[in-house]
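Here subunit A shows up in two complexes: once beside subunit B, once beside subunit C.
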Partner chain A sequence: MKLVVTTSPHIRSSLSLQKVMYTVILCLLPALFWGIYYFHIRALFLLITCSISTVVTEIIFKKVRKKPVSIGDGSALLTGVLLAMVLPPYLPLWMAALGGFVAISLGKEVFGGLGYNIFNPALLGRAFLMAAFPVQLTTWGIPARASWTSLDAITRATPLATTLPKFSGNGLYPLQKLLFGLHPGSMGEVFSIGLIVGGLILIALRIADFRIPLAAFLTLVILSSIFYFTGENYPSPSFHLLAGGFLLGALFMATDPVTTPYTKKGRWVFGMGMGALIVFIRLFGGYPEGVMYSILIMNAFTPLINRLTRPLPLGGKK
Partner chain B sequence: MKKLSFPGGVHPAEAKLTASAPIENLPLPEKVVIPLQQHIGAPNNPTVKKGDEVFTGTLIGKGDAFVSSPVFSSVTGKVVEIGNFFHPVTGKGIAVAIERKEEEVLDPAIKPVEDPENAEKEVLLETIRAKGIVGMGGATFPTHVKLSPPPSKPIDTLIINGAECEPYLTCDDRLMIESGQEIIKGVKIIQKILNPEKTFIAIEENKPEAISSLQKLLEENMEIVVVKTKYPQGGEKQLIKAILKRDVPSGGLPLDIGIVVQNVGTCFAIYEAVYRGKPLYERVVTVTGEVNNPRNLRVRLGTPVSCLVEFCGGLKEGVNQVIFGGPMMGIAQISLDTPIIKGTSGVLALKRKEFPPEYPCIRCARCVDVCPTSILPTQLAKIVKFEKWDLLEEYHLMDCIECGCCVYVCPSNIPIVQYIKAGKDKLRRMKK
Partner chain C sequence: MKSYIVFIKGLWRENPVFRQILGMCPTLAVTGYLSNGIAMGLAVVFVLVASSTVISIFRRLIPKQVRMPTFIVIIATFVVLVDYFLRANYPFLSKKLGPYVPLIVVNCIIMGRQEAFSSKNPVWLSFLDALGMGIGFTLALVILSTVREILGFGTLLGHPVLGQWFTPWVIMALPPGAFLSLGVILGINNTFQKKSTR
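Here is the complex of A and B:
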C-alpha cells in the first residue's frame, strides 16, 4: 500500500478560494437582478460585456505570460460584475469593455495577478473610464419605455448630483425611493435593500469582515450628521448612505481582502478613513460622488496601515 | 469552576470517535523495534548487543548528557538486530529489534521507590530520570529536566495539561476517566518536587466525564479549570494565557515566568515509575479515523503500527494516509512498519483526496485572525517564498508554534507551516 506523506495539518476547513469569490457574486445577485429589471436590457448587456471583457483579458494575460489559466477561481468574473455595477447603465458598451480590460490589466495583472494588486481592480477600471470619458460616466438615465427590451433612455442626474452645489435633494428623493432603487444611478448601486441584505449575508457567512463596513458606516453617519444638524442645506445621513455608491462600496468593495488591511486594527482605520473621505469629497470636493476615490485612496494607504498596526506577538515586546 | 480561553484558534470537527472506548491491552507483538532516540535532546547509545537476552523493562539504551532519557525493552526476548529502522519522527533511526519469547519476565531490577509518600525530592527526580519519563503529550522533552528549574527561577504555578485539544485523540481523556487516582498521585509527586503555590488541572469542556471523575479525587491545593474546546488549547503558551492571563515571553519558556506545564499522561507515567518502579515501556494510543474499529489501546513501545491497525479491524478501503499524533500536528508516516514510541498519542488513518493546488494569497487575513501567537502567517509565507531572509526575525518567525491553524483556514490552500519550517531551518543555519 502506498501511503501519502504531507506536512501537517492534515485536515482543512471547507472554505476555498472559489467559494469565497462565488459567494460574493451570489450575494450581489439581489442588487444585480433589480438593476437589470429596472434599467432594462441595456443593463444586462452592460453586465455581460464587463464580465466577458475581464475574463477574456485575464485569459490573454495568463496565456501570454505562460502561467496557468486561473479563471476558475472566479476573481476575474467578480471584477467584471462589480465593474458593471458601478457604471451608468446606458454607457456605450465598447467603453465598458475597455473598462474591463483596464481593470484586469492595469488593476491586477501588472502587479503580478490576484493577491498582489494594490487597488481594487473594478474601481481602478472605473477611475480610468471616469478620466477618459467624464461626460458619459456622469450621464445617468432611467428607462424611457415600459418595454423591457427597449434600448432608449431618458437622461437624468443622480440624486447626489442634483444636490450640488446647493443641496435640495432631501425632499426630491424620499427614503422609500432610495431604498427600493427607484432612482437614476449606477446599475448595481440603486437597490439599497438588496445590497444591505446581500452584504449582511456576506458578513454573517464570515466571507467579509464586519469591521470596515461598520467603521465606514459609523464615520459616515456621525460626520454627515454633524453637518446636517449644524449647517444649512447639507444632505441628511440617510441620504449619504442610500443615494450613492456607499452601500456597494462599503459592503462589497472595501471588504475585498486583497486591497484592504489584514490586521483588525487596520480594518477599523481603513473604514474610518473611507467614511470620512466620502463625506469630505461629497461636500467639499469637485465630485458629487466620493466612494470610488475614497476606497482607492485608502487602498493606497493599506500597506502603510498594515505596517503601523502590526500586532504584537504573544509575549513579545515592542 | 471557570471556563477560560486564549485569543485565536480554530474549531475543527472534534471527531472523538473513541471517547467512550475503554483502554484495552494490545496483545504483545512477535517482535518490537525500539528506536534509541525517543526524546528531544542528546542521543542515546545502546547498552545491549545482538544476541543478548532481555527482560521486559531492561535498559537497552542511554546517554550521558543531562538532557537525555533512557529507553527500555518492552518485551522479554532476544536482541536480533541493532540497526537502522523506520522512525516516526526522523524517518529513519537506530533501533533495537527484539524477538519476543513466550513467557514474560519483568526485569528483576525493577523496584518501586520505598515509601513513596515520604520520599526525598532528589530520589523522586532521579527515579523520573532513570525510568525514562518524557513529555507524553507528544513533545517528548525529558521530564526530569523540566522538573529541575534553575534556582533563579522559582515556580509558583503547576499546570496539569488534560486539554487534549487535537481532534480524534482520546488517550488522555480515557486515562483521566480510568486512572484518575494514579494521575492525582503523579501530580502530588510533581508538587513535591516543585513546591508550587497553586496547581491547576486544565481540561477542555468537551470531556465532562473526565472533569467529574477527577473532581471527586482532588486533593489539597489542586483545582480543576475547565477550558474552552478550541484548538490549540493544549499548547503550553495558550493554556497559560487562558488560565493565568500571563504571556510567556517571546523566545522564552514557561519557567521564565514561574510556570511548569505537565501532561496528564506524563503524571500517570510518573506514578508508575515511582509507585511501581516501572520504566516507560508502554503507553496509551488512540487508534482512530478510517479504521474499522477505532479503539484506545495500551501498547508496548516498539510495536509496529501494523499490529495496532490489525487489532482494530484493519484500515478501511481507500485509506492512503497514516498519521502519528492528531490531524493538526501529527506526522504522516511512510510505512506501516513504523514503531510506536514514547510520544505517539494516536494513530490516525485518513482518506486524503487529491490535494488542491496552492492558489495565490488573497490577503484575507483568516490566518492572521486565527494565529494563537498573533504573528502574521501570510507575511511569513511570502517572506520565505521570496527569500527575504532578513525580514524573518522582524516578523517573529521563531514564535510560530507550528499549530497549523493558519493552514487549516486558508482558502487558498497555502502550506504556510511548510514555509515557516523552511524559514526556521534557514534562520538556524544563518545563525551558525
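Here is the complex of A and C:
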C-alpha cells in the first residue's frame, strides 16, 4: 500500500477562483442580454470595449512586473463586464476603455493584484469616469425602438434623476416598467428581474454571502419607508429598490469577497451602512444615485469593521 | 567637486517632492495650471535661496535653543517680500495662488534645508544646496502641472495644445487628479530609481 504524507489541508473544495468568477459572469448574463437587446448594438460595443480594456491592462501589468499572467481566472473579465454594466450605454467608447484601464491599474494592480485591492475595481473605474466626465456619465439614452439598425437615441435622465427632486407617486415609471427594465439607466442595471434571479442563484450556490445584500435591503426598505410615510415628496421603497443600481450593487458588487468584511457580524454592518448611505445620498446628497459611492465608502471602512468585529476565539479573553 | 554634488543632488537624486515627499501642500494644491506651478516654484526658489544664505551667514550667532523661531522669522521676511512683489506686479497670478504664497513660510522643504544643511554649512555650499533644492522643487511642480493642465483643460500655459476632439478630464483639474498624478509619477520614479541603484 502506498502512503502519501502531506501537510494539511487534506480536503479541498472543488470551488476554484476561476469557477467563482465565471459563475458570477454567468449569473449576470440575463441582465446583460436584456441590456444589449434594449439598448441595441451600442451596449454590446460598450461591453466588448470594457472587457478588452480590462483584460489587456491586466496582461500588460503582469508582463511589466514580470508576474505570471493569470488572465485565465476571469477576474479581469468580470471587472470589465461589471464596469460595462454600470456605465451609460451610449458613453463614448474611448471613455469606457479609459475606465477599464483605470479600474485595473489604479483599482487593482497598484495594490498588488487580485486579493489585495481595497476598493471594488469596477466601481473605482466608474468613480474615476464620473469625476473626469460628469456630463457624459449622467447622460442616459432612451433606446430608439424603431429598428435594430438605428443607432439614434433620445437622451434622458434616469428615473432617479427625474423623479427625486420633485417626487409624487412613482412618477413616469410604474413598478412593472422598472421590474422589466423598460426605463433608461446604466446598461446592466435596468433589468431588475434578471438581476434578482442571478443574485439569488449566486447566494444559493454560496458564492455570494446573503448577509450583505439582506442587510442592505432591510436598511434601505426601513429607512426609505420612514421617509416615504412621514414626509411628503419622497419616493417609495420599491422605487428605491428598483430604479437605480441597488440590485446590481448589493447582489454583485457588495458581495465581492475581497473588498468586504470577512466576519459575519461585519457583513451585517457593511450592508447596513451601505443601505443607509444609499438613502441619504439619494435624498440629501448632490447626486441622484448613491450606490457607487456608498459601496466605495464602505469598502474603505472594511478593514476597520474587520478589526472591530473579530470573533472571540474559543476560550479567548475579552 | 563637492559643491557640484551639493547642487546636483536636489535636482533629481534627492528631489524634495519625488524623493523626500516634502512640500506636499503647494505640490497638490497649485499644480492645476502650468503657470501656477512655475510661479510657485520660482517663489520657493527665491525664499529658499535667500533664507538659506542669510541663515548660513548667521549660523554661529543663532542660539541652538531658539533656532526654529529664528529661522521662521527670517523665512517669513522673504515670504512677505515675495507676496507683496506678486501682488504688486502680477495681481491675477497672486489671486490664483491665493493663500499658498503666505503658506511658503511653513513649507517643509525650506525649514528642512535650514535644519539639515544651512545651519551647519558654509555660505557658498548652503547657497548651492538651496538653489538645487529649489530648482528640483520647481521641476517637480512643472512636471506635475504640465500633466494636469494638458489632461484637465487640454491647454498648456493657456494655449490649447490638443485639438477640438479632446474632452477635458475634469478629474485632473480637481484635487483627486493631483493625488492620482503625483502617485503615478512617484511610482514611475521609484521604479527607475530602484533600477539605477541595483
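The rule is short, and it goes like this: the second predicted complex is superposed on the first by the 307 of 318 C-alpha atoms of A that agree within 3 Å, B and C clash if a C-alpha of one lies under 4 Å from a C-alpha of the other, contacts with A are read in each partner's own complex, and residues count from 1 in each chain.
Convention: contacts are C-beta pairs under 8 Å (C-beta built on N, C-alpha and C of every residue); 3 or more make two chains touch, one makes a residue touch a chain.
Remember, predicted model here, so these are calculated numbers, not experimental data.
Trainee: Record, for the superposition on subunit A, whether partners subunit B and subunit C clash or fit.
Mentor: Because the two structures are overlaid on the shared chain, the partners are seen to fit without clashing.
Trainee: Calculate the angle at subunit A, using C-alpha centres, between the directions toward subunit B and subunit C; round to the nearest 10 degrees.
Mentor: The angle comes out at 100 degrees.
Trainee: For A:Ala131 in the superposed arrangement: first (subunit B), second (subunit C), both or neither?
Mentor: second
Trainee: Would you check which partner chain A:Lys19 touches, where first means subunit B only, second means subunit C only, and both and neither mean what they say?
Mentor: First partner only.
Trainee: Could you look at A:Ser70 and tell me whether it touches subunit B, subunit C, both or neither (first, second, both, neither)?
Mentor: The first partner, subunit B, only.
Trainee: Looking at the overlay, what does A:Leu114 touch: subunit B (first), subunit C (second), both, or neither?
Mentor: In the superposition, A:Leu114 contacts subunit B only.
Trainee: If you tally the residues of subunit A touched by each partner, is the higher count for subunit B or for subunit C?
Mentor: So, of the two partners, B touches more residues of subunit A.
Trainee: Of the partners subunit B and subunit C, which touch A:His10 in the superposed model: first, second, both, neither?
Mentor: first
Trainee: In the superposition described above, what is the shortest C-alpha distance between subunit B and subunit C in Å? Please give a whole number.
Mentor: Minimum C-alpha separation, subunit B to subunit C, in the superposed model is 21 Å.
Trainee: Per the definitions at the top, what is the overlap between the subunit A residues touching subunit B and those touching subunit C?
Mentor: Residues common to the subunit A contacts of subunit C and of subunit B do not exist here, since the sets are disjoint.
Trainee: For subunit A, which residues count as touching subunit B in their complex?
Mentor: 1-13, 15-17, 19-20, 70, 73, 75, 113-116, 209, 257-258, 260-264, 310-317
Trainee: Which residues of subunit B touch subunit A once you look at their complex with the stated criterion?
Mentor: Per the stated touch rule, the residues are 10, 12, 167, 237, 241, 247-250, 252, 315, 320-323, 327-336, 348, 350, 352, 355-356, 359-366, 368-369, 372-376, 378, 396, 399, 402, 404, 407-413, 415, 417-418, 421.
Trainee: Going by the contact rule set out above, which residues of subunit C touch subunit A in the complex?
Mentor: 167, 169-172, 174, 176, 180, 183, 187
Trainee: In the complex, go through subunit A and note every residue touching subunit C.
Mentor: For subunit A paired with subunit C, touching residues are 92, 95, 106, 110, 128, 131-134, 136.
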